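Labels run A, B and C following the written order; every chain starts at residue 1.
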Amino acid sequence: MSDKPVQELPDHIAATTFAEFREAKPLVHCLTNEVVQTFTANVLLALGASPAMVVDESEATQFAAIAGAVLINIGTLYPARGEAMLAAITSATRAGKPWVLDPVAVGALDYRTAFARGLLSLKPAAIRGNASEIMALAGRDARGRGVDSADESLAALPAARDLAQQTGAVVAVTGAVDYVTDGTRDYAVSGGHPLMTRVVGTGCALSAVVAAFCASSSGPKGDRLAAVATACRTMARAGEHAVAASEGPGSFVPAFLDALYRMSATNGADGG
Amino acid sequence: MSDKPVQELPDHIAATTFAEFREAKPLVHCLTNEVVQTFTANVLLALGASPAMVVDESEATQFAAIAGAVLINIGTLYPARGEAMLAAITSATRAGKPWVLDPVAVGALDYRTAFARGLLSLKPAAIRGNASEIMALAGRDARGRGVDSADESLAALPAARDLAQQTGAVVAVTGAVDYVTDGTRDYAVSGGHPLMTRVVGTGCALSAVVAAFCASSSGPKGDRLAAVATACRTMARAGEHAVAASEGPGSFVPAFLDALYRMSATNGADGG
Amino acid sequence: MSDKPVQELPDHIAATTFAEFREAKPLVHCLTNEVVQTFTANVLLALGASPAMVVDESEATQFAAIAGAVLINIGTLYPARGEAMLAAITSATRAGKPWVLDPVAVGALDYRTAFARGLLSLKPAAIRGNASEIMALAGRDARGRGVDSADESLAALPAARDLAQQTGAVVAVTGAVDYVTDGTRDYAVSGGHPLMTRVVGTGCALSAVVAAFCASSSGPKGDRLAAVATACRTMARAGEHAVAASEGPGSFVPAFLDALYRMSATNGADGG
């Protein structure tokens, strides 16, 4: 574990990165799990990005080259969908487009664990998971179901750095505090709210937003570390606004999408 | 392009058509994309219709003959689902039931474009798409991602008329203004709101509502052109009410379903 | 039909059962239909349970043994998903974990009817359906689409008792009044609201909650009849609170999830 505290993502970097994202309005090809597709699409739309869920293997090949980025989420993986994911990754890579991995429940289930580890050599631009997922993907022991405590995501930061160095990906370990690393530099993103863990898909949708920010920062001057951290911060800020405006996990969802929409319409990663 | 302005759907026709629909409470067999199934079902339920998503090929055959209409939406097409769609269309046709095509992203992706074109000879009762989808399906060049402007849907009206004449379908090109044609007569439906494009599934759910209205107008005296136009108008009016009652795309969704529910409970296509 | 009125689930039993459920925070493996996955997950999360939708056949085998209970809902059954369901049931049974059947539309469609009947010998812990589904599963004639009237669920109670005796399952026939039976003892659960039939997935989500309550009552002292009835009552009470706080089926959904969340945070099956 590091000896000095991890630097919080600076405001001015978040602001610049969000402005670039708003301008780019990226098109994100989402190969994600069955449970979160609607919410993921609505999160991207609220932010002004364009989601597209294209799932047939041949179409995934064709579309991944057109999209700004590809999201791979293995929450409800099965063989045919896995083939489409591999096709999309191959095509995105050939076209120079970034792809992002959300390794849902890696470490707990064998088939997806092998699948996700096999993807690491295909150079994801970013990986977003909770502490136990990132530790499992890095080949370390994770202990049980994550409690999403601040300590836990910090405890996984060394594994995240290793994973970043091994794969070239920016790695985000999310929890009560998110830690984002490229293996050398780290940012912390604090904020969000525990209520977000009582709504399905907040983490999965964050991974889609990470993909969208990777798309808009994929130019030669792009800072992918800042992009991934700004994605985390955008969702955390919207979550805080939404919790303040809601009475539970049900009313959280519309309030959260409204908050993202206001951010996209006005003042970016701190708006609401 | 036509020289004189297209006639707006008259109020009294919308009112009569909506009243027939309310009375019929049609059962709609939806073979639609993975992203919009929940919203589509809730839109139909809010309006008093009954959705059923039956997806196995043998069951699709059995159920399409029982349902009042079948919706075919190719947004997340893959081969097994495509087979179920063909089985449902064949069965519906044999039973004299209408089926409706939503050609999502036709023209942009090869597999679905070939699939959708192959369906045209199977006599859809209606086709609902945006300008670029309708132009692509009619075999004309569409230019890039649609901007959903009024001009764009009007520019696609000649293609829609051709498509209607070729296939026998009523064709709806939706956008800031919707144009509905049977190849000879046209209606315009104005209204709606751009916020609806920031919510996933509003177009897809409209296609399901089109199918529901085709079911309730499928008798010998039924006017399918009026039915499709009234479906468009119902969704546009509910959208306007919902935008007035909401603060963004998140709160739009519950407000929209509530508005549809009030319409179904009270005064029809103009209610709210 | 029984001669004396069915006893309403007593308050103190509901309170004790809900308290055990809250403590247990069960993990529920849901193999459910495509239309209701998000809502089902959000219902379980709002109540403090953990949903997991693991769908690959090999992973379903592995995960069903880890989860507290398995839900099998056949609303969008197709062969590959059916194989995963069988694998999950086999694995859960071997591990001594309960599994629950939601026989959506059984009786109306042949493939699922044969599939669901084949499952009955695999000893479901509970079965939850409407009157026509329970009657069809018990091998009796059901008449058409259910109207969900109180009389109808009461009329299906004898079939439910037979089914319970044949299979060893606790059987819940839900409608305007729910009847829950183990073949010998019965409980009635009144409450809920007809608006709940205008929102997709309320019945399917109830079946997931039944599975969660079966998990938390699966010890040697557990009373499965009370568990299933308390699940029904929890959803009915949350539904009443949500209807009072909403203006239609759209605003019902967030209000319903908020009501479940308040119950889980405070005073259980009567809270709100």
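The definition used in the following text is that a contact is a pair of C-beta atoms (placed from the backbone, for glycine too) under 8 Å apart; a residue touches a chain by one contact, two chains touch by 3 or more.
Everything numeric here is computed off the predicted structure, so don't read it as measured data.
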{"item": "If a chain touches chain A and chain B alike, it appears here", "value": "C"}
{"item": "Copy-to-copy rotation for chain B and chain C - C-alpha atoms, rounded to a multiple of 5°", "value": "120"}
{"item": "Distance from the mean Cα position of chain C to that of chain A, given in whole angstrom", "value": "34"}
{"item": "Residues within chain B bordering two or more other chains", "value": "34, 38, 253-254"}
{"item": "Parts of chain B lying in touch with chain C, wherever the complex brings them together", "value": "34, 37-38, 41-42, 45-46, 50-59, 62-63, 66, 80, 253-262"}
{"item": "Partner chain C, residues of chain A touching it in the complex", "value": "33-36, 38-39, 75-79, 105, 108-112, 145, 197-201, 246-254"}
